[in-house]
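A short worksheet on the structure shown next.
Letters A, B, C and D mark the chains as written, and numbering starts fresh at 1 in each.
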């Protein structure tokens, strides 16, 4: 069964092949469900001129913020880039090219990339700066803009449980962008909290079928909380 | 007297109907959840992939894998569903959310909204706001009626970059509740003690004032 | 909690409001996961001139085949209409307008309808009769055709377990077209084998979140097998 | 001697590689699953939403909710995944399936395939075939080389309505294994005892015949 055993034994092996100038699609929302160790490995490798596709860009000193610190990112597609002072600075200095993309459009662009849909129409952003230069088309009396799919050289994903075939389940709202990211990488790497035996995951409850996944690694996670809100 | 943030949330909460799926934006909209009327149940949608958002967690319940769209730790109520961002925005863009409440910098008499970007100042990004306004046909905008310097935020035409075009039909400000229809704001209610004249003065867009403009009432707390 | 209690107590109530000339989107693949009792109720009501969107059209005497028998369907969008002698006859006699639609395109048209995507591009069908009259467009050197979303006046869906909020799980390959159908109905009706208490379904394992569902009913099912293949 | 259906399946099975996700169409392609070489593991995708299709069920395992794309009752192997039709065709259309094997009425030297419709005869529909040929860049077409009346099915240009345009690069017939490239069929192997002359005679499209065309070999069974 070597053919479907996608486990790799080190983070170095997990990110083997990543090169300067590549496009990396990352799962996660805020700091929730981010592939924190895969990001750290990208930092360690020192590759640069990366295009990153991710809803957010981490915070100073954690998540994708690590790659900002090292000036490894030259372009980012994201819906929200607040909460990161270094990011602001690089954006204002034009050190980084920021393509702000509505959150739903970003999710759909990833899904489309994985699903062989090269482009789709959406009302989101019509009549706003996001629609500038994009084709506008009317369907049933309403205006929509054309948005194109995204594919990454790498997709980096954070799962909860997986089997060695690469079938993945996500935990609670750490799911977010991860399932779409997983479909849209030429090479998809998933890090998880636990690797279980094939058959332990109920087939109809698998969020990401293994066909999308190239490499899988078990890691340990800090899972930092961005806004700790509790009631007494 | 201009409404407090709490009063604004209270007034918006009166627009809730039993069985509504509701998306509440950050700020005043979030407070609406505190004023859901008795006998009415609503299901809160959080666009990071949670339908049926519950209360903040206790220390024991705290879980880094359970957050809302504001990145706050939350809980899920019984009967909640959790899904991907693509599924979440399928709901939103597909018009399945009954009511969206969100803040704005400006709205205009054509129902345009500007809420995400002030050129020259920091641009944090639109997050899910553009999808929310494009997907919902039932949006309430909450905002102050005018800036600190007295400049109206209810305009003939938005000056800031838009979040969405022609998508807003209801606005609650600290001074009034208004509807937008056929290229005009229609004054429906005024805050307690606020005069129609003050509202007229602070509304730059076309304003239609009916003969009678009822005053909002709030229970003493 | 009346507001989210979507249970109805009879099949009559479940299909209340269906009228002649409406479009009905149906889940199911072959005879697997079909809303058999909702179909039977449509037959009972005798509404006609229906447009049906479904991968298949049942068999003689079961599933959507019942509506063919009664001449209730005037148009159908489907990918495969074999295994049904009556259907062949009605098609050859031009009694029914058949819009053959590739299976993946059909699934995606339903998903798009529910997801506020009015149209999308796909390579499926380019250069074939399916592409005739449709816009062709090139992305990255490949040709694609434009396909539009589908929305139904009613969507009829077969689930396994649901809670009264309308959260639904499907069983095994009875999932098939049901989740997309559920999103694409102006009124979505789901019949299930079991209704459980809210909270019994693990939130991240719900296939169809209740927001898409208007009515839910518990039924009993024949679940006929189309091709019984066993090994000894 | 022309290949039997079983030999055709055996020959196709040699194209399988360890770790391949494979979609097998109805007919001869289905038989391929019986000839998976030792030491090679493949995962069968069934387009109704099953990745990791297993054997037919025993009487005890029989379950009306577990079928394949041919509507036959099947089982799922350990490590299988089950999903919606939209997800299934996302995989297919997105090019994630490594190998697709399907039958055809005709193929032509441009890689066009006709497999779903014979005008005037019954039209059963294309099912998932159009998605499969549009999504895969790795397709093997299995078919008889010529009709019962001796008419070639390997044409300069397909005469029947197409299933897909320019998408076929490998064809296994009962007489030969061929590749399609730059507007021609290239004869790669011939069935045991079948002459190059017979293949030339029965191929209507442009055929390139290398100096040496090896004969396929099959183990005695």
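Rule of thumb we're sticking to: contacts are C-beta pairs under 8 Å (C-beta built on N, C-alpha and C of every residue); 3 or more make two chains touch, one makes a residue touch a chain.
All values derive from a computational prediction rather than experimental measurement.
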item: If a chain touches subunit A and subunit D alike, it appears here; value: C
item: Comparison of C-D and B-C by number of C-beta pairs in contact, larger one; value: C-D
item: Computed distance of Cα centres, subunit D from subunit C, in Å; value: 29
item: Euclidean distance of C-alpha centroids - subunit B vs subunit C, Å; value: 35
item: Distance from the mean Cα position of subunit D to that of subunit B, given in whole angstrom; value: 56
item: Whole-Å separation of chain centres (CA-atom averages), subunit A against subunit C; value: 32
item: Junction residues of subunit D, two or more chains touched; value: 50, 76, 82-83, 89, 92-93, 134-135
item: Where subunit A touches two or more other chains at once, by residue number; value: 108, 111, 115-117, 122-123, 171-172, 175, 203-204, 207
item: Contacting chain pairs - touch in the sense defined above; value: A-B, A-C, A-D, B-C, C-D
item: Interfacial residue positions of subunit C with respect to subunit D in the complex; value: 29-33, 55, 78-83, 88, 91-92, 98, 100, 102-108, 110-111, 122-130, 143, 160, 171-180, 207, 223-232
item: Subunit B residues touching subunit C - in the complex, by the definition given at the top; value: 17-21, 40-43, 45, 50-52, 76, 78-83, 87, 89-97, 134-135
item: Touch list for subunit B against partner subunit A, complex; value: 46-50, 55-59, 62-68, 70-74, 76, 82-86, 88-89, 92-93, 112, 117, 122-131, 134-135, 161-166
item: Complex contact set, residues of subunit A against subunit C; value: 108, 112, 115-123, 137, 139-140, 142, 144, 148, 169-172, 175, 203-205, 207
item: Interfacial residue positions of subunit C with respect to subunit B in the complex; value: 1-4, 111, 113-117, 163, 165, 167, 183, 197-199, 203-204, 206, 209-212
